[in-house]
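For clarity, chains are labelled A, B, C and D in written order, and residue numbers in each chain start from 1.
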Amino acid sequence: MARIPGVGETAEIAEKGLGGLEHNFLTAKLETLVNWSRARSLMPATFGLACCAIEMMATGGPHYDLARFGMEAFRASPRQADVMIVAGRVSQKMAPVLRQIYDQMMEPKWVISMGVCASTGGMFNNYALVQGVDQIVPVDVYAPGCPPGPETLLHAIVTLHKMIETDELVDRRRINGGGAGIVVEQRDGQTASKVVLTR
Amino acid sequence: MIRDAVVQNTGISSLLPLAVDPLFVGGVGLEEVLIVLVKVAVAFVLLLISVMLIIWFERKLHADMTNRVGPNIAGPFGLFQTLADGLKLTFKEDLIPERGDRFVFRLAPYLTLIPAFLIFTVVPIGGDFDNADGTVTWFGNTTNLQLADPPIGILFVLAMSSMAVYGIMLAGWSSGSKYPLFGSVRATAQMVSYEAALGLSLVAVLIKSGSLSTHDIVAGQADGWNWNLWITGFIPFIVFLIATTAELNRPPFDLVEAEQEIVGGFHTEYSSLRFSLFFLGEYMNVITMSAVMVTLFFGGPDGPIPFFESVGWLWGILWFLVKIVAFCFTFVWFRATLPRFRYDQLMDLGWKLLIPLSLGWLLALAALDVARDKDWNRALVAVICFVVLLTMGALLNAAINAGKRKRLAGEGFD
Amino acid sequence: MSDEATAQSDALDAEGAIEADPPASAYGVPVTNERDQQVLFPDRDNYIATIEALKADGFVSAVDLCGVDNLTRAHRSLPAGVAPERFEVVVSLLAHEPPRRTRVRVQVPESDPTIATLFDLYPGTENLERETWDMFGIVFENHPDPSRILMPPDWQGHPLRKDFAVGTVPVQFKGASAPR
Amino acid sequence: MTLLDDTTAASTDERVTRRGDDSAVLRIDEANVAMVETVDIDPNADTPMIVNMGPVHPSTHGVLRLVLEMQGEQVLRSKPVIGYLHTGMEKTGEQLSFMQGPTNVTRMDYASPLFNELVFSLATEELLGIEVPPRAQWIRTLMCELNRISSHMLFQATNGMDVGAVSMMLYGNRLREETLRILEKITGLRMNHNYIRPGGVAADLHDGWQEDIGGLLDLLPPLIDEFDELLTGQPIFQERLQGVGAINSAECLALGVTGPILRGSGYAWDLRRDMPYLKYDELDFDVIVGTYGDCFDRYAVRLAEARESIRIVGQCIDKMPPGDYRLQDKKVTPPPRARIDESMEALIHHFKIFTEGFKVPEGEVYVAVESPRGELGCYMVSDGGAHPYRMHIRAPSFVNLQTMPHMMNEALVADVVAIISSVDPVLGEVDR
């Protein structure tokens, strides 16, 4: 197997593209810089659902100030957003919409599951709720609490920043086989809605 | 006639009708080309860097006005926040909507960005106009501190500021979805209504300055008491400021991208680098239009030179920057304080207030000018103007009210 | 109000007390007094007539309308002359002058879960009736917009019926290697 | 009492009872909206287009979806589509005991959670036939009014934001934050407190609560006055809201609307005054009414109500009696913590209450309180067990939403946003 000094194995490069490159001065620095910029300018999509959305707003407010991280620019258009903060309970009716928004977001994108309802369904273990948003979209950080206070959300965000900066997430899709598709289990003749893509 | 005046003033031959820069007197050599290149680079880089700083400035200032801290993690005092934004957007996935017009969709961001650069080329950014003619001497070459000084400078500014709106309009149209279309339609209406007010208030300046060249306009305002702000009597400046805010789509006139109403307006479907171009273009326009306002009404680089008289042109640059920052502050202030106009209120303000006001003021100014030239009784003329304008205003008001009554009576919206 | 209410409830204890009630509160239908709250029990045929009479009597607003599924509660206390059925539609009415409330409970059989709509009398019940249809499957005849309101349009079943499972999903631990 | 004259009150307004195409409500199949061909290719075609606003849209307050039929920027008909936050809380409420119930209902109206707990507890107490001690009632009154302030401040924040004044979002949040700090100190949580429970409240007020709340009362009025300066007198704000989304009180009554929307239309109806519960009959406060029933009136009513709430809180501090903060009935409330260590019986009671809950006599009851959004009712049916047989919450936002199509008739897109925020729906409560 041919090996180019300072660059890496040719087969690996052919297979993985840039991912197969050995870290040298140039690539390492560029990657660090890009990761730095991604972590420093993480624009959240406005995706408030329930109680947690109020706490998300409070986090953007004067006392906690999400703007310190350059995150005050909540993007209304998913095309420009980097992180989706799923703030609140996700109902069966909302699930296709949520997935659609996620699909409309541009790579690289991250998901924070805020609150127990989004993470596990919380106390509402019933017919109406999706029991954990990670059944629909791949979640990177879970923020516990019902609802998580602004401090908890900030901690989740800072955790995500660190993960982005230390490059933990770049290969996520390759490792866990891509984002989750919607799995609709039919019980007792119930169905959830189909994903209707509208453009 | 204006061109003749310019030629006379600057003392160069009419063989160089467009670039009336003393630099080119006596032929163009390598040195001159180099100086022009340096000026181009400086203007370009300066604008880019100042855009970075202005975005940071806006975010910090707005944070300050709302009891927050603002960006402070990216770099010292969050200074690199914009850099991070730009870099991140550059490395983000790009998308062209399936239903969109691919060519126009790609073209649109450049249509907003490039005019912003081009406007800046005709703005004098420094020079001592009080004691000299605003030129500086570098390496034995005398030159203006502006990239170009075409005799039609102001028309060029008007043309380019209209071009920027085309970018927004086409962006919304080419996205092929509904919210951008709303933004696009709004942008068109806004441009049509406010361009007229902008132009009319500008004519007042042109009457006083007697020239279309930005250099001459600034030269005519040397010494603080000659600023067009005073001698055109405030009204044109206020109209110009409002119309400019509308042209820039800044709050309270940001209907085009009103996030709460039409999601992102024209840039809803844009992501990645193309979005950052819009972002860049918007703030660049803020700077260039501030610069235009400074040039037209606030004497450009004019200002006191307390010491270091030998480098008076540097003081000019300083004053110029201070005035620009003051305007940027005003724009942020607007954003932090004012609610957004509604579409029809925007139209009302443009057509029913700003255009009649600037038109009437222009007529009064012109009448007074004629009175001065012909040695008429200027007080009498002023009174006549006042009475006529008041009557016209009352008539207009009556017409507007009649129209409103008619509409409310159920004739429906036209 | 409490004195009158106590009198009413005392009167109810006696057999055939309904006729003895003051005429303003009976409206020709059985009436009880539950925890000081007046409850009327019309059947489906005179449901609309009762509500109309109540409306004419100053009950300006229908504040609430909901269904109840009595599948597991067949033996419940109802006034004489009211046959228990599986479903009930409960309407709460509010009068402002003087401030007072009344409640109308209508029995709706499982075999034919239909009832007339109140839309023409109180248009504000539109959403509430849609919700009752969505949750219980009670059809409101002549309703302007008989569609699901809370559940997805293609949902099957009516969740608040007692025979609809709550849909408990066993808690999974996120580290588990469950197929997902 | 400024009630309607009889003729108006008796006749429901014709505008809201229309069924067909002339109605302001766009009664189309929600599922097929996506299939409707929307952007018209032919620019000369005069057909209206269908625009979907939401469920993810910056100004729909969560997950409200509006289907708008538009001619240009003008709305012809519209329909609010809800259910995107349906949580099955009424079903879950049947699984939880009366003891656990407040945990469930508090998550409905997340902007004013204490009112949900209150109405649930009042209904349970009514069924049980118990009366809570006076101090508990005063504490409930106090906490609810504090919650009303924070809820109305949240409205000011979103309302300002929706008409484009971005700073208002932050000012409103700042005020709310100050109120939440006190609530957190008393209840232990910023939201979803689970503080008001059947039989009383969960914990007594902490030492020094008078100073804490007194400090808040000194802090709030000048901050609220800032809204007056920045919004009430602001010409653009007035232009945006005055005359927009007007609805008269006859229509409000026909639609079952309550709360600030009804009061904004000039109809003085406030359950706190007209059908007093808790200790409101011993308090001195004014019912705020508007005149025109437009968005501006609703804004002003809420702002003034926040001021009234400050007045009420001040009176609560003065009138707070000593005593027990919950009923000392071992069947309903858990015994004091200290008793558990020494008494076997207390331990058993504690265990039974938290595992089985307490049995509630058979019956049904409808109880309503005045939440910041209107009449919040709870219809509760008990079959004699420890769980509610049926628990239905009459959510004010759910009913109030029906006004939207009528308010939006012939409005512009910008007005739509103002109208949504002036109705101030909380979707958690709408969808439950």
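What we mean here is this: contacts are C-beta pairs under 8 Å (C-beta built on N, C-alpha and C of every residue); 3 or more make two chains touch, one makes a residue touch a chain.
In this text the structure is predicted, and so the values were computed from the model without any measurement.
Trainee: Which chain has its C-alpha centroid farthest away from the centroid of chain A?
Mentor: C
Trainee: Just how far, in Å, is the C-alpha centre of chain B from the one of chain A?
Mentor: Averaging C-alpha atoms per chain gives centres 40 Å apart.
Trainee: Report the inter-centroid distance (CA atoms only) between chain B and chain D in whole Å.
Mentor: Roughly 47 Å, centre to centre.
Trainee: Quick check: how many Å separate the C-alpha centres of chain C and chain D?
Mentor: 23
Trainee: Chain A to chain D: how many Å between their CA centres?
Mentor: Computed from C-alpha means, the inter-chain centre distance equals 32 Å.
Trainee: Can you tell me which residues of chain D touch two or more of the remaining chains?
Mentor: Where chain D meets two or more other chains at a single residue, that happens at 31, 57-58, 83, 86, 88, 91-92, 95, 170, 174, 431.
Trainee: Going by the touch rule set out above, which residues of chain C reach two or more other chains?
Mentor: Only 150-154, 159, 166-167 qualify.
Trainee: Can you list the residues of chain A that touch 2 or more other chains?
Mentor: Those would be 62, 76, 92-93, 125-128, 193.
Trainee: Among all the chains shown, which pairs meet the touch rule set out at the top?
Mentor: Once each pair is checked, the touching ones are A-B, A-C, A-D, B-D, C-D.
Trainee: Chain A touches which residues of chain B in the complex?
Mentor: Spelled out, the residues of chain B in touch with chain A are 59, 63, 66-74, 78, 80-81, 83-89, 91-95, 97-99, 176-177, 259, 263-264, 267-272, 275.
Trainee: Of all residues in chain A, which touch chain B in the complex?
Mentor: Listed in rising order, the residues are 33-34, 36-38, 40-41, 62, 65, 67-70, 72, 75-77, 79-80, 82, 106-108, 199.
Trainee: Under the definition above, what is the set of chain D residues touching chain B in their complex?
Mentor: 38-39, 49, 51, 57-59, 72-74, 160-167, 170-171, 174, 230-231, 234, 236-237, 239-240, 412-417
Trainee: Of all residues in chain A, which touch chain D in the complex?
Mentor: Within the complex, chain A touches chain D at residues 46-51, 53-55, 57-58, 60-63, 74, 76, 78, 88-89, 91-94, 97, 101, 123-129, 146-147, 149, 193, 196, 198.
Trainee: Flag every residue of chain C that touches chain D in the complex, lowest number first.
Mentor: 34-35, 37, 39, 56, 60-64, 66, 68-69, 72-73, 76-77, 90, 92, 94, 96-97, 99, 101, 103, 119-128, 131, 135, 144-145, 147-154, 159-160, 166-167
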